[in-house]
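Listed after this line are the structures, all set down as structure tokens.
Paired with chain B in one complex and with chain C in the other, chain A is shared by the two complexes that follow.
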Partner chain A sequence: MAAIVKTSAQQPPSAGVPVDDTSNSNKSVPDVTNAKSASPRKRRPNYAQIHARPVPVVVHPLPAFIPHNPLSIVRIAIVMFSHSLWPPTSHDVVHKAYYSAETHSIHVTNPQSIRALWEHGFWGAGSLSRSEPAWLEQEKRKRGIDASQTSEEYTRKRREERRQFKLERAKVQRETIEQQLRDEGKLDASTSIDEVVSLRLNATVDAADGLVDNSASLSNGKPENIGTLESVVDESAHLETRVALKDVAVEIQDQEHLQLTPEEAFFLTYSLGSLQIYRGETALSSSYLLRLYCAYSAFPIPEDAESHLYTLYSLRERINNFSLGTSVIAPILPDNAFLLRYAVYHHFRSLGWVVRHGIKFACDFLLYQRGPVFAHAKFAVIIVPAYSHSYWSETPERKAETKAKESRDWWWLHRVNRVQTQVHKTLMLVYVEVPPPWDESFRKGGFAVDVGGALKRYKVREFIVRRWTPNRNRD
Partner chain B sequence: MADEDEDLSHLRGPEPADIDLSDETQDFRFLDKLIVQDKGTLSLPKRGEKDFEPHATSLQLDTLEASRQAMHNVLSWTRTHTRKNHILGVYHTETNMAYVEKIKSQHFQTIGKAKGNILWLLPEEALFMVERGTLDCRWPVKQINDEEHESVRSEELAPMSLQAAYAAFIGFEGGIGGKLTLEMYTVYAGLKRSGYIVFRTGTWDDERAELQYPNLEKGKSTKRSSWSSYFSEVWQRLSKPSIPPLTASALQFGPLLKPGLYRNYADIYRLLQTIPTHDRKAPPEFMLTADSTNPFRITFDVYKAATKFKKSERGTPDFRISVINARETSIPTAAQLNDLLATMPYDPPNPADNMDRKLLHGSRNVILAVVDNGIPSYMRFADVPVSDERLYERSDRAPRGKGGGRQYNPARELRMVAELASETAQKSATSSLTDRLGRRLKPPPRGANIRDI
Partner chain C sequence: MAPVAEPFPISHITGRYLLFDIDAISHARREHNICGVLVGTIPNLSQQNVFLGVPLELMPEEARVLIEQGHAYLVDEAEAHQTGFAQMKREDRLAYLQTLDQQGLERAKVIQERKEERSEKVLREKGLVPMKQESSCVAPSETSESTSTPSLGIGISNKESTAELSLFGRPSDPPKPVALPETKLEAQFITPTTSYPPLAPRSVNSSLPLPKVAQNYPLFRYLHSMRYFSMPGLRFGCHYSVYPGDPLRFHSHFLATGIGWDEEFDLLDIVGGGRLGTGVKKAYLIGGEDSDKATQNASGDAPNEESVRAFSIEWAGL
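Entry: the complex of A and B
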């Protein structure tokens, strides 16, 4: 399957996949506001409506019962009657995806699926965007087709403003110092501060301290120069692209696809059943996917792990004993990184949190209460394996091995916590109890995994870690 | 939009709760005020503003010189025992404690244990008082009979130096690991100096503390009239279609959620909950065997300073602190943490609080004082009942629209900078603009920090 599906931007929804009408109607909201770009403040899209569904599954609630309106009972009755005759389904779409061994991620290429997965539960990330797949819109805007702004552009603007502010502030500070120097009679009205600073420093400080000199002159003199240079470069680049792109045909092909992490994809397939992962034309089962993700989460990965696994999978019914394959593919270890991560992911998702990958914040997962468009994540999750089961302390070798795996020094914890408080997150340590080995049947030729049974062996426990300062708790 | 955290964070300063001024380098000028001024005008010192780079003004050089001078003044101050507050104590070899004759002193309201006419001081208490210059501890005379003991006046005994006090009081107690370690003393002294009242938890003799059971309130049954309960029952049956229970095959091979009719998302979420988690309300259990070498044990009970504090009736401590040696231990394993928290009282959050506060509070909590070569760092570990906060059942899920923290407005800031600049130009004030900016601007600027540019 091709990595990039080429679809024109304005193409109507393809007939293959039915698209729910809510997402379509919602998409029109920003467009309407953009048309009236003359108004100074643009209305922000109604995120509460766009992201009304927390998971890509439809529910059919009964109409509200209003005590002072007897007719509402009739409405409830009608809905219940029609639901019993023609039961509606929760899964109106099953999205398609395929596994990419190179990036260890799962690719979704259908634009409708991409939109739906993002809108209903914030799954995955655009391959060419920061998070929400917005490459196409950004591209259109760059070429002047669309006037809307993506989040990346907002950020860029904000950064520019911030930089300007810093320059202004530095200037004001410099002027105060100059004023002070003039008051003290160390500076003529004509000379600039840089000369005085470097002169004085050279006079008083040894040559060995030239570093100070450098930094002082750097902080006083250079920022403006650098700033202007950068902005000039920036602007000329912008101009060039604009001029060049004006002539290019308006049709832009969407080069972007959605990448799901193995945890997200497995939750969508195994738990919700709203994603189907394909290899060529064959749909893959959860047992196979679990083995695949587990094989790819440990390092080093055997070169042909995927193809071997697939051969075993396709032969699983005909051959009962495949000693040939087991040498390449090992049974799933109980402390496999994917399993630990998935157990934690599943736990928080099933409690209603929006869980997103935490690599940018030096943690395993970020927990959003509703989703990234509504509010910042408050909690950062770090997974710590726990080997409390008596199996792990049976032999001295096992004890030593598990000790190495579960112990982290205090500097590590402080480091992690410092980083998290700096980005306004609270650190949540999640201990996952590692069960004794459970995938023994694999050696005997059982390919299938009892996924639910395996997952139920992993017990999670959450702790919140924060600094405590004596000076702030005295009252 | 998404993950916009990564851009915003640097615009805001760290949260006020995370700023610990004691981490910063001290400006000694404020100490000067403490000593020079008489008690009538004593006020809490304010810390100065940071300067980041030399800019050759006399003002800056003078400030620096003043700070240096203040430091020298402080260090050159001779500490003496005043006649009035002189307390004599005697070291007791058998128990490694010190005793003093019962005197009325402010210190003994929160320190020591009275037995008859004599007040006994634990090693850390005696050492702390010796170090702060309140107690004059003396070595005992060898081989004294009881009658003689009465006659020997403690003034005639050999005085104990501070070095000797450290050597004598730390690590020579009978019991587990010599009991008092230098780490424990560091934490004790630090907390005492911060104004807390600190006591040992228990006697430090037990292999481990007792389990603390949650006192779950009984009589939770809310009585409803039979009519309303009947209607609510009917309504529940109507509104919730019978959700098929998880079949074995669904659990085994997925999907957990079979296509069908679901009335609300809460039902779906309930169906998905398959990962077992720790039950915080259940009576706790130990996971490890009793072991006196387990470093994770409660060391100190800490009380906030209160006016009517009685040694005999301490009440429940405000904080419980476990002292840990950072070099000898790694972060606690799940079993160690479980056992430590099992000995802490069940302290659920206020149910009226919002969800974030409830999560931050946790159901049980402990403060670990991690000491690395004399520097303590306090970490609060809270056992969080995340599963009890059913996010999916909340109808008021956050305010509508795009929230997320304070909005940063650069235009406003620039205006303020301009205002300040004109102000200073008029007054030609001597105070540096950086200070004033620092007070008036949000986010707090990092001065003309070289690293920023």
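Entry: the complex of A and C
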């Protein structure tokens, strides 16, 4: 929050900066002051400036009041006056997005929105990238148009270097062993050391070549681009040949879109109001979206759940008139996976953490302090439902059912704990108190859901687990 | 290693399956790929895990595999002990008690000797010559005139006191030797550590139920049938860590988790397991048994198909 206030204070408060104005200019241009340093390595872009805003909303704070400077009161008065006459808006742009039932994610296709959402709060992930939507840059670089380096390429390079290092190390080890054997007289005395070593070395080098070949053939199928459609690959190959032939920089069409998880999208629509989800041309209400996301989080999902729900939604007036609402709309269960996840997501986002999906580390969410570009995630969140409300222990069947849902075995705990220890994250078990069913009472209004009222019933408890080893935990 | 006659007994004590015979332990490991975990230690001086000794605790799965294949049988130790001693003949019991007494007496003698050795050593260190005949416990009646106590120190002080007294010129009566009551050597009480010299070897009793196993047993049985060794894998978050040969010679290759055929599980578990396995240079392995096929195999309707399927998962990105 401090960052927001600072930057906005430097800018004219009523300027109404467009959301994406810093996006393109800052990203590719390296910092001039930093470029002076002697190191040949290219400096990182100034992330603190690019990601100054933690949410895609503009705030307009009053100028600071300085007690020994009476003129500051005048400034405050002017700003207050101008705000009351022309109230500034915090939502310059409401981004547009679409729900994709196939991938159970929300797609943002407008490039400006993609950049803005990524820069102001790290929302979503590029469909063809690891997290930051960088496919276009990668593509440009591949064709020699742009000289910057994306994180995927950096990782690839690092892995290659590491492999080379391992080969070198193996070679050196081999040499020392040879030397040792020679000293001990175990090697044939007639062959010279160099000969033996070079023979062995040739063998190892051959083996290494084989390795290189293998890894080269492997690295052709880049893991990041697995999701790439055949047509995209074809087209890019086609484009490549064209570039080679004509030797001109071709305008590359951006094939990538931003994918938001339902939790992110719902937070942006419901809590921040800076995202609007459309189906065709119609904007969707947040209670419909809640029902939609919940329907897609319960298993099994019927094939045409989305279109079915939408038909009901578009007919809702008539349904209400005939009071059919209760029979056709499935109620949202209180322990729906989306609700649990959203409660946790909302909890941590509201506390200022950057929350991202944690599937790559086998957890539900990863918590970053400022964002993935600044530091690694500190915490890995795993959600466990807790049925401590008396409603859940009323009947034996209900008790057995909830017990099966909330219980985990020791192997599970050891597994998740060990995985998180390996990647230097702290495991956080987040217990979400599941309230008794609440949707029945809201159902009279058909689709309407009192989202705030429903969310207030969920309580979140954090519980940190750490693997303790006496040798490593001395500090 | 003495040859072990099959089937060998597995002791079932308070829900644990234990092997006490060192030959049986090595036999199970060599012939049947069953490792178990050594759990024995001294009660008041517990050891690190690597220094533990017999008995060997078997997982219920291991015990069950051995019993199902007819290599071993189960003995309910508590019951066998009670009935065994209740049905013992009178002569046998007396003979047994006598041997216990004999052992106790020998033990007491050893302790006594050690005590004397120690006191002798201390005296020699102090520069005092122990008097041979003063080993009072053995022959208290042979003590010298001046000493009445077995301890030499007191004897010396007695002598000094007589010298002092003579200094003052008083005729001194030599103190009367006080005869110590003869200490009888008390037999130590021996707590017998085994019931199987006194009791006859146990007979095969098939009435005991098979060890109760969780639903991951079919996977264990399957891997065992493929000549794999398994160890408990809790520290890797899996049911078994699976070795291609003896765990003393090989690293484990798989982290195996048994799952029911129709059981739903979290996909995050696969991500985590794969990640964990790859991090320690192993593959995560999940497997389960098709219960339909298992019943078919049991009834003999269908050709004997393998009812267990297993999949190994590796994290490709690392």
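The working rule: the second predicted complex is superposed on the first by the 344 of 475 C-alpha atoms of A that agree within 3 Å, B and C clash if a C-alpha of one lies under 4 Å from a C-alpha of the other, contacts with A are read in each partner's own complex, and residues count from 1 in each chain.
In the analysis below, a contact is a pair of C-beta atoms (placed from the backbone, for glycine too) under 8 Å apart; a residue touches a chain by one contact, two chains touch by 3 or more.
This structure is a prediction, so every number in the text was calculated from the model and none was measured.
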| item | value |
| --- | --- |
| Touching partner for A:Ala362 - first (chain B), second (chain C), both, neither | second |
| First (chain B), second (chain C), both or neither touched by A:His346 | first |
| Touching partner for A:Trp86 - first (chain B), second (chain C), both, neither | neither |
| Partner chain(s) touched by A:Val419 [first = chain B, second = chain C, both, neither] | second |
| First, second, both or neither for A:Trp410, with chain B first and chain C second | both |
| Dominant toucher of chain A (residue count), chain B or chain C | B |
| Overlapping contact positions on chain A, where the chain C interface meets the chain B interface | 223, 360-361, 410-414, 417, 422 |
| Touch list for chain A against partner chain C, complex | 223, 359-364, 410-419, 422 |
| Touching residues (chain side chain C, partner chain A) in the complex | 233-239, 257, 268-269, 271-273, 275-276, 279, 316-317 |
| For the chain B and chain A complex, residues of the former touching the latter | 1-9, 11-12, 14-15, 17-18, 20-22, 53-59, 190-191, 194-196, 235, 238-239, 246, 250-265, 267-269, 272-278, 287, 304-305, 318-319, 324, 326, 329-331, 333-335, 337-338, 355-356, 359-360, 362, 367, 370, 372, 377-384, 386-387, 389-393, 397-398, 400-405, 408, 410-411, 413-414, 417, 420-421, 424-425, 428, 430, 432-434, 437, 445, 448, 450, 452-453 |
